[in-house]
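Structures follow.
One chain, chain A, appears in both complexes that follow, with chain B as partner in the first and chain C in the second.
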Partner chain A sequence: MNPLEITLGILTAVGGFVDISELVFAAQAGSGYGYALIWVFAFATIGIMAMGEMSGRVAAVAKQPVFNLIRHRLGLKLGLVTLIASLVSNLITCAAEIGGAAIILHLLTGAPVMLMAVMMMAVLIGTIWILPFKWIERSYGLLGLFMLVFAVALIKIHPPWGAIAGGFVPQVPSGLSTTELIRFAYFGVAIVSAVMFPYEVYFYSSGGIEEGWGVKDLPVNRLTCIVGFALGSLLSISILSSSAQLFTPLLADPQLPGTTALEVELPMGRAGLLLALVGILFAVAGAAIETCLANAYSVAQFFGWEWGRHKKPWETPRFTLAWIALFLAGLAIVLTGVDVMKLVEFAILFSVLVLPLTYLPLLLLASDRHFMRKHRNGTLANSVGWIYFAVIVVAALAAVPLFLLTSGGQT
Partner chain B sequence: MSPRDKIQLMSGLLDLPILDKDWRYCGIVDDIEFEESGENALRVKALLVGPGAYRGRLPGWLFSIVRWIAGEHISRVPWDAIVEIGSAAVLKVSGDDYGLHHAEDKARRLVPKRGAI
Partner chain C sequence: MRLERGINDIVGAGVKAALILLLSFLAACSSGPRTDLPAIRGMRSAAAEWALVNREAARGRLTPAYTAGMRKAMREEIAKQARTLAPESPEAAAVAALQALPPSAAPGLIMRQAAALKRIEAALESA
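Now for the complex of A and B:
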């Protein structure tokens, strides 16, 4: 693969890293706890790097995407539970992304949010129908790079770099009441869930198969996961840090994606605001495509249908009908008028519950000598993988009580 | 691995994707049919593919839902038609020979054949 292709792949990973839940939770984490949750972003990013790399390696070597493995390793019953849970999680996430994109379009044009949601969905369906996989992934990923304006804005406000660096050290802020500690823990779990969303590995590993990865692509897979995800995560950390610097003194709680864009307007004016909104629009719209396709991939792989957007839509008819139906279902949720931020909270909750069921079969197969041969997990990958698996099991167990105790982070 | 090798059947074969000779997905190994082969021995007769094969693998109420949504069709793929077992079971013939593309062909009528690059 030539250097241009590698660079484009990494940039696509950067632009496609941030989605609406990361955007919202990063901004809220910054305004609520300063820099104290940066380490959770960093920790979860290493987790998604490790798991993403494994899913790409398995796709390249065993030529099997994640949901085939889930069915084969967990069996029909537990596999079906995982499928249904991930469908619900991804569908709610997809609805949240469509709703978020509609809000941004509303801010940009002044047109009604519901009309913008319908328009957005028509554009997304048209995009997937017309463009082959690589173009879909690249166009939204690269246009999402407008989000880099958040990093520029952070530099312009001259933040306390020492304090930001200190945020990478695991910590719990001192002097918090029990209620505040519980809310801090909820934010921690939510950030792990938002960064390690299961749809990301479904999409990434299926994307590897769409692009026909083989053993020769393993170095690129590793580079994309490590460099692309690290830079994408730095973007999230920029949003958190700007929020800590600008919103905390104002006691502002940035609950909407549009509010987050104000981080850029304050230091860079109207042009900055526009760039931030366009960046958010493409990042969130790209995530809507990823969640919807991830769902269609999951169903098709679970039942052994023909799938993939490297083929024409009529060559994979059940897969095509699935992603169209899932988009329509996502739009229907938005059109009920439900609060988009509520959708984000539920998406985070369902995702964290699905995480262990997604990553267990992946870990088992990535270390399987028979399928992976010399490309199976080494000691480092296995150790990192199992440590993260233990963490996400604890996060999954803690998620529902924390969600209930904090009313979804509101109290 | 060849179909003649000893494998852990239930864990190695069950729920494995099936690909045909043209590398098209043909479903999943939903169940395995055995036949008697000599005294106290069983031999795999066929792989069963389709929602009807979920009977006995899912709780009754869940199977009723599956049957309501997808029916209870079963396709039988003779063991002799398998040429390789790895991360998928690979057929030496087209999936059409065993009706494995029937549902895909039916859905194809609903999808317009234009507009995509």
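Now for the complex of A and C:
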């Protein structure tokens, strides 16, 4: 194992962890419920660590990405349902990320949001076209490390560390009305969905194939998932905690990513604001690339097309057309003028519905003796996997009613 | 094939359970929702965020592009939410006062309206 490669892999995972949904829901969870939802972030992070590790292991051992195995192992009908549901979920998420990046560019430059959305998409397409896979992932992941400024800002405001530590203990705040309890539950489901987005495992496992992972890479896979995702999650928890400390007394529930940047401006001034905006920009732009490529990977793997960014774009024409078309579709959604924050809410809702369809096949495949041989799930991985599967099934069942009852968390 | 059939059964049962749950919640939803609450909550927060932006802008800590973009976004959010309120509703007066303020209004003035909306919100929540 090359220590530099391991470090870069972990840093990339940290910088790429937060996306527009986590940013919005972490800030709103903090302003609405103080530190009481930190444990949900921690719980969901363990879930994505387990599922991410499984998806990477399946890619390294079976040498096949998740959607290819879904298609051949679980049959056409169920595979097609999963594919369509994932495409819808990832497309809405991709549109939300493009829109979010455009808003940040607008706040940085003053140029119109729609123009910034078009420019952003052109840059993203150019990036994927020009850079090899490893550097697509790394450039945005490493530049997303500007988000570390949120952790620095939290330290600078001297928060009540004891109360933050107490937030890691599972709890429901006392004294909430029924309406508030339902809203609290909605935020819990939304955070699980935002942290465990399905596109993350499609992208991660396909990335493993792109980089030619083998059995020797399993320790790196495990380290990246555990350390990288844990540190990334601490960034989300920093955003939540600063929001609880700074915004609650001011009656503000941050509705835009631009407001969340004030968490850094308040203790660190104008330089902090700019660093926060740049960090959000790269984190969100990186997530846009991941969602778009995840969709293109899924389609290509399902239908057995040539795919991969380790090949030249013209060597994989259908795959190349797919990711360009998906970017254009995401941009088209943004250009309709739809509220980006509404897109975030819908992205969360659709994703949580897709979670069981994504993770059930993955769990089955990771436990399969025929495919995984001695690298199949052990007792611990299986137990953790099935516990999380049960939780995401409950979350998926509750998501739509909670969304309707709370008007997307507003009531 | 057995695996596929098993999974199809699990998914089918899950979909049925979700539909039943959804229908029962929809039935619950239809009985007297406090329809103005989301709008009031959204406007209160937008007003508070607008006041914070103006406070920090007055201290010279924000960039012109950021200040203008945030003010515009918050005022548009307030206008969008205000359109969903009935014109004769008691909260409409507070919202009208908020909308009458200029983009660079003093933070204290904006916060006064945000506090008024917070009181209305609390009353609606406890109703």
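In this section, the second predicted complex is superposed on the first by the 409 of 411 C-alpha atoms of A that agree within 3 Å, B and C clash if a C-alpha of one lies under 4 Å from a C-alpha of the other, contacts with A are read in each partner's own complex, and residues count from 1 in each chain.
The rule is short, and it goes like this: contacts are C-beta pairs under 8 Å (C-beta built on N, C-alpha and C of every residue); 3 or more make two chains touch, one makes a residue touch a chain.
Keep in mind the model is a prediction, meaning the values are calculated, not measured.
S.K.: If chain A is used to align the two complexes, do chain B and chain C fit next to each other or clash?
M.R.: fit
S.K.: For chain A, which side has the bigger count of touched residues, chain B or chain C?
M.R.: Of chain B and chain C, C contacts more residues of chain A.
S.K.: Which holds for A:383: it touches chain B only (first), chain C only (second), both, or neither?
M.R.: A:383: touches no partner chain.
S.K.: First (chain B), second (chain C), both or neither: which does A:7 touch?
M.R.: A:7: touches no partner chain.
S.K.: If we overlay the two complexes on their shared chain A, which of chain B and chain C does A:106 touch? Say first, second, both or neither.
M.R.: Touch status of A:106: second partner only.
S.K.: Between chain B (first) and chain C (second), which, if any, makes contact with A:179: first, second, both or neither?
M.R.: A:179 sits against chain C, while chain B stays out of touch.
S.K.: Just to be sure I read the superposition right, which of the two partners does A:75 touch: chain B = first, chain C = second, or both, or neither?
M.R.: A:75: touches chain B and chain C.
S.K.: Taking the superposition as given, tell me the minimum C-alpha spacing from chain B to chain C, whole angstrom.
M.R.: 5
S.K.: Common interface residues of chain A with chain B and chain C?
M.R.: 75, 77
S.K.: For the complex, give me every residue of chain C touching chain A.
M.R.: 1, 3-4, 7-8, 10-11, 14, 17-18, 21-22, 25-26, 28-29, 33-34, 37-38, 41-42, 44-46, 48-49, 51-53, 56, 61-66, 68-70, 73, 77, 111, 114-115, 118, 125-126
S.K.: Give the list of chain A residues in touch with chain C in this complex.
M.R.: 73-75, 77-78, 81, 103, 106-110, 177, 179-180, 247, 250-256, 258-259, 262, 265-266, 269-270, 273-274, 277, 356-357, 360-361, 364, 393, 396-398, 400-401, 404-405, 407, 410-411
S.K.: With touch defined as at the start, can you tell me which chain B residues reach chain A in the complex?
M.R.: Touching chain A: residues 14-18, 24-28, 30, 49, 54, 57-58, 62, 86-88, 103-104, 107-108, 110-113, 115-117 of chain B.
S.K.: Which of the residues in chain A end up touching chain B in this complex?
M.R.: The contact residues of chain A facing chain B are 62-64, 68, 71-72, 75-77, 79-80, 129-132, 135, 300-307, 312-314, 317-318, 320-321, 371.
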